Amino acid sequence: MESPPVNRTVPVHLGIDVGSVTTKMVLLAADSGEVLDHVYLRTSGDPIRSIRRVMNRLAEDERHFEVLAAATTGSGRTLAAKLIGTDLVKNEITTHTLAALTIAPDVQTIIEIGGQDSKIIIVRERMAIDFNMNTVCAAGTGSFLDQQAGRLGVKVEEMGDMALASQSPASISGRCTVFAETDMIHKQQIGVGRNDIVAGLCQSLVRNYLATVARGKQILAPVVFQGGVAANQGIVKEFEKQTGHPVKVFPYYGVAGAYGAAIYAAKARGERPPFQGFELLRRDFSVDSFTCRKCEEECTVLRLYREAKVISFWNDRCGRYSEAPKK
Amino acid sequence: MKVGLPMELLSFDWIRRLKEDIHALAPQVELCHVPAATSARRPVPLSEGDACFPFKKMVRTAMALLPQVDRLVVPRLVRLDGHLLCPNFRAFPDLVALNRDRLPGPARKIPIIDTLVDITDAGDEERVRLLLLRALLGPETAPPAAPFPRPQSAGHKAAALQDKLRGYDRTIALIGRAYMVGDAHLNMGIPAILASQGYGIVTPQDFDFSDLDRAAARDDYYAKTMYWRGARECLGAFRHICAEHEPAGIIYLLSFNCGVDALVRIELMSLHKKLANKIPMMVLVGDEHSQQEHVVTRLEAFLDVIDGITTS
Amino acid sequence: MKVTFPHLGSMYIFCKAIAEEAGIPYVLPPPTRDRTRELGEFHTNESVCLPLKIILGNFIEALEAGADTIVMVGSGPPCRLGLYDRTIKVILSDLGYDFRWLTIPGIFNWQAFLQNHDETRELRKELTPSNFLRFPRAVMIGWRKMRWCEHLEDQAARKRAVAQNPLEVERWLQSGLAALDQARSLPAISKVCRQALAGLAQIREHGRRPLKVMMVGEVYTVMEPTINMNIEQRLGHLGVEVKRSSYFSSHIRRGSRLDRGLLKERRQLMELAVPYLNYDVGAECNFSVAEMVLAKNMDYDGVVHVYPFSCMPETTAASVLSTATTELGIPVLSLPLDRKDMGLRLDTQIEAFVDIMQMKRSGDLH
């Protein structure tokens, strides 16, 4: 196995956030903590491929990075950790908190809206004390906006400006995506302008978020808004209007989870297993799942293959597979 | 003295009589039920949780009334007419107090009157009335000479219903809890829509509760009585209206996440299946996200169903 | 006659023991699984609480498996639990099932006695004198099994958090419960349980001080692992010791109102909740709040609050808890449970919750 010939390497900490919709990566300089590179790309239902693309980008960078420690986060964090060979796996609530605390140490409220997740994290005295996450419904998330943008024939990136241009936002139901869609079509049919409909969508998304995800949580300034949806200025303004607090959006808002994971990796002490991310570029990896019927738990067990050989199991509650001695 | 009493509570007959009583005994008390519109942003209370919309609305009204009054009356409704109210009403004053204590500014100091209301008979009514008056007007308040206002007589209600239905040849039973049917915001404008389509409306509140209670008792089985007053009202009304009024259709209006209505709904659907004459029935679930257009569509379709059945 | 009863954690060991010892034929409902939940959801509506849906599903599956007599513990107002039997009877009758019903009264009064008399009219004819004679011993065996079972679960919860390999704890617990279920005499019961305890005791520990959380909330969701997504075990595997007050036996003892000590404890708990709730809201609402205050007083690291979505008393408790968490400075994880598709999210939430507690204790994540 040969690595590229290296004279001087740049030591870095790596954070990877594999979400259901997008995969994010942030690379921090080990000495200064400065962001050296970041990536935001679609997972497109194939996390292995998206992680491979990230690794490719790292390998091709002329700065010759040496990964001292890497951490993974997001709903695909376990798979990602197995692929790059790290034991630093952190849930996305904690990594988002780490990111916000690094950028804005005085933050008290973190709003995070991503592809299918939305959360609120309450921070007091530099410590997360409470959080909430959407449970069953995607009404207040990025996927919802994506879908509706498609239906309206506009780009999701344009929605922010369109919403800001509206004088009288249309009233749109916020409980569920299906009803919101019905309302939207109805408003279109009766001739409401597109800007007003988009503004109405933003309003209903924020209203839904505050009523369900942020319900019962005390929102105090400074408020930091992270996640892909923070790109939408219409939503930012709507949050400011409905909460009565200024809402800050920092650079790297879209990759905040990966940023937090990189910080987590930087803070880790002790020996780390060697970074194996570049293996992905040389060998073939795949994953599948099966339902174990050994007991009524009926776990969906996940299985990772390297070139047709199973190298790892996880997600079994009893440990029958994951704990079994490796052959 | 300005005293707040949230408008949602007025749907209870006992509260309306209490209001009458306070008017007669203490003219200096100015009761207000609807918060005056202010330009200030009205934040959603901190603690209202996943409760049903009517409850949230009630907490919000109470919170909005606070800065505008000298005292706030939010009785702890445990039992009325001998039957229980849902657990939310037991915690209502506590949740209002919890939110009040966390308000900025002077509203935090407004006293809350949370007299325990546990009423089965007229004796209880007098007792609770005195407790409440003393909490409101001072502990020395003497027992009033006049008795607590009695409910309207059964005959009076029957005559009122007859008046209401005059001129309509078809009626629809709109079954629901008093606050759902009575509040224009919670009933989503259904009564007005039905009236505009030429239907008279019969609701549980058009009858004497004791009649409905008796009708509901037919489904009780020894210790297994339906113990919530609102549920007995709906169950009894279903049986009573179907037997006495031959409605062209039945609409059951309930709010999303209402625990009581969730069970009543199962029993009403079962009763409906067993009806000898097939009266069309529709269940409408409302909450703060309900949109008028959705309701209108459903009502129109439902009326078409009724027409189909009545003309063929 | 074939008797059946709903699932509630390990309560089946108790019910099964009684039926077996008294010689009453019974059908154990299949373990609660997705189909059970789906059956319950299908035959109710969206605002019905999860325990009712699951119990209904258990009964349908038991009736399909040949049961003809349903036995259920009753309860009283003001929450919905007190009407479960009435509602489920309506649904099952409408579905066309032929069955007999027996509610074991939760509150003893004249009406309950008459109801019991009416419900058992037929059943009494089918039971033999031998059934009746063996019944007292059967209850004793059942009760002893129940208490042992709860002791094992409690010990396992402690051990999980400190074991080097928590999976060993699961193995000892599972084999212990299975042996307990099979044991047929009091000495045999003690023997298998002591074996399991010894097995748990010899598991190697990692030596770190575990985080401690109090699990509060509605009884059914606290006690039934298939409903609360095994939260006790999930937390245990992350090194958290979970303490709960809800056990089947404590509810029987509380319900019977015979135990002086428990009545006193009940009063004290109600008082602990007073700064927030001044009146008994019903079911476990006030206790959930009280146990949070208790957890704070006893220096626990956090509180996990589980309850069925749309549960009226617990929705109120959740509102109070969400306010009290900042004031008392004790983290709360509130989990309204309804649907099953929250597994992954649940792990994320639990892990984040553990991080919060860890940070609070040591100021460090690692």
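Of note:
A, B and C are the chain letters, set down in written order, and residue numbers restart from 1 in every chain.
What we mean here is this: a contact is a pair of C-beta atoms (placed from the backbone, for glycine too) under 8 Å apart; a residue touches a chain by one contact, two chains touch by 3 or more.
None of these values were measured; they are calculated from a predicted model.
Using mean Cα coordinates as chain centres, the one most removed from subunit B is A. Nearest to the common centre of all protein CA atoms is the CA centroid of chain C. Between the chain pairs A-C and B-C, more C-beta pairs are in contact across B-C. Chain geometry summary: the mean Cα position of subunit A and that of subunit B are 45 Å apart. If each chain is reduced to the centroid of its CA atoms, subunit B and subunit C end up 35 Å from each other. Residue positions 216, 218 of subunit A each touch two or more of the other chains. Among the residues of subunit C, those in touch with two or more other chains are 318-319, 322-323, 336. Counting only residues that touch two or more partner chains, subunit B has 46-50. Every residue of subunit B that touches subunit A in the complex is listed here, in rising order: 41, 43-44, 46-50, 287-291, 293-294.
Subunit B meets subunit C in the complex at residues 46-51, 76, 78, 84, 86-88, 90-91, 93-95, 98, 102, 114, 116, 221-224, 226-228, 254, 256-263, 265-267, 270, 273, 285. If you check the complex, the residues on subunit C that touch subunit B are 44-49, 74, 77-80, 82-83, 85-87, 90-91, 93-94, 103, 105, 107, 109, 111-112, 114-115, 118, 276-283, 285, 309-313, 315-316, 318-320, 322-323, 336. Only residues 31, 33, 165, 167, 170, 230, 233, 318-319, 322-323, 325-326, 329, 331-332, 334, 336, 338-339, 341-342, 344-345, 347-349, 351-353, 355-356, 359-360, 363, 365-366 of subunit C touch subunit A when the two sit together in their complex. On the subunit A side of its complex with subunit B, the touching residues are 171, 173-175, 179, 182-183, 186, 210-211, 215-216, 218, 244.
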